[in-house]
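Next come two complexes built around chain A: one with chain B, the other with chain C.
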Partner chain A sequence: MIQLIIGQLLNGAIVGSLYGIVALGITLTFGITGIVNFALGAFMMLGAYFTWYGYELIGLPYPIAVIVAVLLVATLGLVADLGLFRFTRNNLVNGLLVSIGLISIIEASVLLTWTSTPKDLSYVLPGSLRVGGILLPKIKLAVFAVLLLVIASTYLALTRTWIGRAAFAYAQNPEAAALMGVKTNRLQTIVTVYSTALAGLGGALYASLYSLEPTIGAYYVLKAVESAILAGIGNTIGALVGGIIIGISEGIGSVFLPTAFRDAYGMLFLVLILLFKPSGLLGSK
Partner chain B sequence: MGAGFARSVAAIFATMCLAIGGTAFAQATVKLGELEAQTGAINTFGWMSSQGTRIAVEEINKAGGFEVAGKKYLFDFTQVDTRGEPREATVQFRKMMEDKTPYIFGPFLSNVFNAIRPIAEQHDGTFLMLGGGTSLHDALGKPNTSYLMRTWNWDAGPQGFGTLMVQYIKSLGAKKVAMLYQNDAAGRTAVDVYKKVFADAGIDLSVDMFEPGTKDFTSSLAKIAATKPDYLFPGYTDAILYDIVRQSLEGGYGAKFFIVRGSIGPALKNKGEIEDYIAYVPKYFEEAEKTEPVVKKFVETYKAFYKRDFPYDQAPMCSSSCYDHVYMLVEAMKKAGTVHDVMKVKEAMMGMRYSGLWNIRFDPSGEQVFSFNIVRITKGGKIEVQAFDPTK
Partner chain C sequence: MLEVAALDVFYGKQQVLRGLNLRVGQGEVVALIGPNAAGKSTTLRVLAGLKKPATGNIALAGRNIGALSTAQRVAGGLVLVPEGRQIFARFTVEDNLLMGAYARRDRDSSRGDLERVFAMFPRLRERREQRAGSMSGGEQQMLAIGRGLMAKPSLMLLDEPTLGLAPIIIDELSNTIHNLATNGITILLAEQNAAMALSCAHRAYVLESGRIVLDGEAAALANAPEVKQMYLGS
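Take a look at the complex of A and B:
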């Protein structure tokens, strides 16, 4: 039983880090543009499909396919920002409506191009490692390491670079940041594109773990929003922590309770946290 | 001016009557509708049926149609994509009823059938529905369901593949099986069906159900593995099977699989790691293509028609409301001597044994009995195919 629980703790952390990378995009976009960008799930799905296309159909090495997919998704994120989100900044409802519309467009385009037949990548890193009697798939460990690295780098970039500090300043007081020379429009575009790229990376890594369908984004964006709220919107490391907590709640909950209600276990944890700490686990008052 | 206007109206009316009448005389049609999920997460069960039906309709229409009681007819064919959404299917089905479509292929999805059933019952006797959904089995023979014929064999029937397969794994020494199915209408029905089949065979069955949309099955698999089952019985679409088989093998949770819904694709992809993969396959096209001319012709026709590779993994699903059934319907209409009296056509179909891609007949309840294969894949990808033909 102990092995079973430890196994689920590790797996929950790995699965949760995928929620975390999208949650990071959600929290950054919201902090800087005032938009809850639900379309990040669709961008994640695009990242997964682009990776599948590059790796499986064109024959690119997996790391190259991931980089190309992330760049493509980031470019689409830029187009979406300049063509759509630029006009909805700091307007929660309009931003939400645009992002929902964008989901429909992206999903329909993928359906039209690649149909809904599930796509499955040839194994990128087959095999498992035995750690203390628990078998852990190598690819899951690799994905976990990459996600931790990216989230930690994002945190460092936000705290140690000028643009990161500018983003924090803008999130706290937009007018003051503008007066201090922060080019707010450019900053918002950079953050939106970076968030889209993060979602694309999440999708690209997801593609190495699971089969792909055009609807995967909807599931992950909900988990990501859940993770971001759990940790406290605006908290970079919190996005990862929130994702991991949701992932572990689902994994451990499924061991002791029926798997059919797996989604509810993370939700239950979220409700409990918000009851006692409405600003989220790591959020400030 | 009044007389002139009246003459003009009369002339226009006469011209319209001639045009409409002329068209009708030139081309009598029989409406055939198809209500299947061609896209969506569980389109596995509708996509191939839609593909095969279209080929048959095009072949028949291109050849000038078919003759019933001395009159030539073409098919007026409408396909709709339910995407597996009951609400969407309800709207589409209602439209078909308003259009007085007498013959409907599909649905293969139980949730879709459950949603449209009340509307269908209101129109009982006016149309014929040939669908494969599991929940159609329970509806057969109930009041106001004379419109219904189920185009899929029943797992637990006396000649059902499920009963046979359970006996088969029993002969391989299986004592405990773990079922991991999706928590939806079809999944719950399958659990009910197989609980009894396994109990009758004296095999212990444990059940775990997961939410639709689940991609990581590790926690379920770990929980199941702790009970040490001889076989894992996952379902029920390839989208799920690929993930479950992979995660089960990578996590060391089990390498023996028992499949009654889904293809052998996951086994072939993991042929180095699986120990045993026993799957119900309505037809193993890869082999049948070499031995059955009608299958070879169908594969070639498909490639030419859609200008793409033949989907060997999806093709077995053409055993339900698909290519053969269009030709069966034509034969039945000819035999009944009518295209309008759907109950007479149903009666004719019930009395037929058709040989096409499959050998097909219907049992007295209106449920399809047909030839099928059971495929066993063992480590390294060694494939054994067993053929069964309960129609004989």
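Take a look at the complex of A and C:
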């Protein structure tokens, strides 16, 4: 039983930090461009497929396959920004429509190219660590560590660098940021592309753990939006915390309650927290 | 320093500036006064590059800046302290000031300039770590000016700095403007509070419905019957 619960905690934390890394992209993109980019889920799915292709079909070492996949997804993110999102900035509805259209295009392309048959990566990092009688698979620990590291570095970059401070300033007051000399168009492009790269990384890591299907993006992006709202939109670390809370409550919930309703357990948390704190768990007013 | 010629500006179909000509000499404090909606703010926004004019010329230190972005104008020494302060409410006072140095090439060494701003506004030093949004209107105005100073401007545009401030704070603000001028910063001050603006400025323009209707020495304008009647309430 203990092994089961610990296992579910770790699973919940990993799945949750995958939600979290997509949620971070959602929150950043929304804060800087005013768009809820649902297509981040599709970019995550692309990251997973690119990694599978590089690792399984080309035979690249896994870390290289991940890096190549992230770069490819970021490039597509840049194309999407310059070709589409640039024209929908600060327009929630248009941005939403464009992102939904983009999801269809990306999903259909993947379906056409790689069919709907689930894909699996052969073991990337086999073996487990035994800690106090409990088995912890190495790959899950590694994925979790990378996700934490990337989210923490993003937070540091946002608070310690000029571009990060410009992003924070822009989120508070776009016009004042422009008056400080922030090149606002460029900032929006950088944030959009960085967010797609984060989603791509989430997908690339996902690929080492679970089966790939063209629809995973839709599932993850909904959870990511949920996490972002749970934490309070605009909160960097909160995106991770929100993701992990949802991931763990799904994991633990399905140990004691019917697994079929696992999606509801995280939702329950969201509803409860928003009832008592409408601005989100860590949100300010 | 600043030469504006034949500026026409529209919001949609509505023309808000009509053939505006304006000149600010090196080291001058020039006031732009006029009633609400006369086009004062629009003038400053156009100068800062936030709003594109339909036609007209803007030259800074002899160089045409009409095609430059806001960021390029800031880097070139033209800084707008906007109406309503527009400080970064969730940043500390210090982070607000540091943001002011964003456009500078040497921004990484801008920390030293904090001291100069604090020397001018001792209250900001006391509140250094405080969230800017929690300060009073007067303090926020000082912060907005301090933040503008961090860009090391040669020309500072001040948009309605007295808006919503108590008379005692307005006096303080007049002193600040004198101080800035003594430090070699050229100032263009848009104000509804004509008495304050005319007492600070060397020269002034009176703007009505997008047109300059009067201009001249500030002291002379303060005694002109039209100005007295319309703007000084006597």
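Side notes on the structure shown:
Note that in this section the second predicted complex is superposed on the first by the 279 of 285 C-alpha atoms of A that agree within 3 Å, B and C clash if a C-alpha of one lies under 4 Å from a C-alpha of the other, contacts with A are read in each partner's own complex, and residues count from 1 in each chain.
To be clear about the criterion, contacts are C-beta pairs under 8 Å (C-beta built on N, C-alpha and C of every residue); 3 or more make two chains touch, one makes a residue touch a chain.
Quantities reported herein were computed from a predicted structural model and do not represent experimental measurements.
Partners chain B and chain C fit side by side in the overlay (superposition on chain A).
In the superposed pair of complexes, A:S104 makes contact with neither chain B nor chain C. In the superposition on chain A, A:T113 makes contact with neither chain B nor chain C.
Residue contacts after overlaying the shared chain place A:W162 against chain C, while chain B stays out of touching range.
Look at A:M180: by the touch rule set out above, it reaches chain C but stays clear of chain B. Touch criterion met: A:A260 reaches chain B, while chain C stays clear of it. In the superposed pair of complexes, A:L135 makes contact with chain B only, with no contact to chain C.
After superposition on the shared chain, chain A has more residues touched by B, the comparison being chain B against chain C.
Minimum C-alpha separation, chain B to chain C, in the superposed model: 39 Å.
For the contact definition in use here, the chain B contact set and the chain C contact set of chain A share no residue. On the side of chain C, the complex with chain A involves touching residues 48, 50, 69-71, 74-75, 79-80, 82, 86-91, 95, 98-100, 102-103, 107, 147, 151. On the side of chain A, the complex with chain C involves touching residues 162, 165-166, 168-169, 172-173, 175-183, 284.
Per the touch definition, chain A reaches chain B in the complex via residues 1, 4, 7-8, 11-12, 15, 111, 115-118, 120, 123, 127-128, 135, 137, 209-211, 213, 215-216, 219, 250-252, 254-255, 258-263.
Of all the residues in chain B, the ones that touch chain A in their complex are 39-41, 43-44, 47, 83, 183, 208-211, 213-216, 218-220, 222-223, 226, 238-239, 242-243, 246-247, 250-252, 269, 314.
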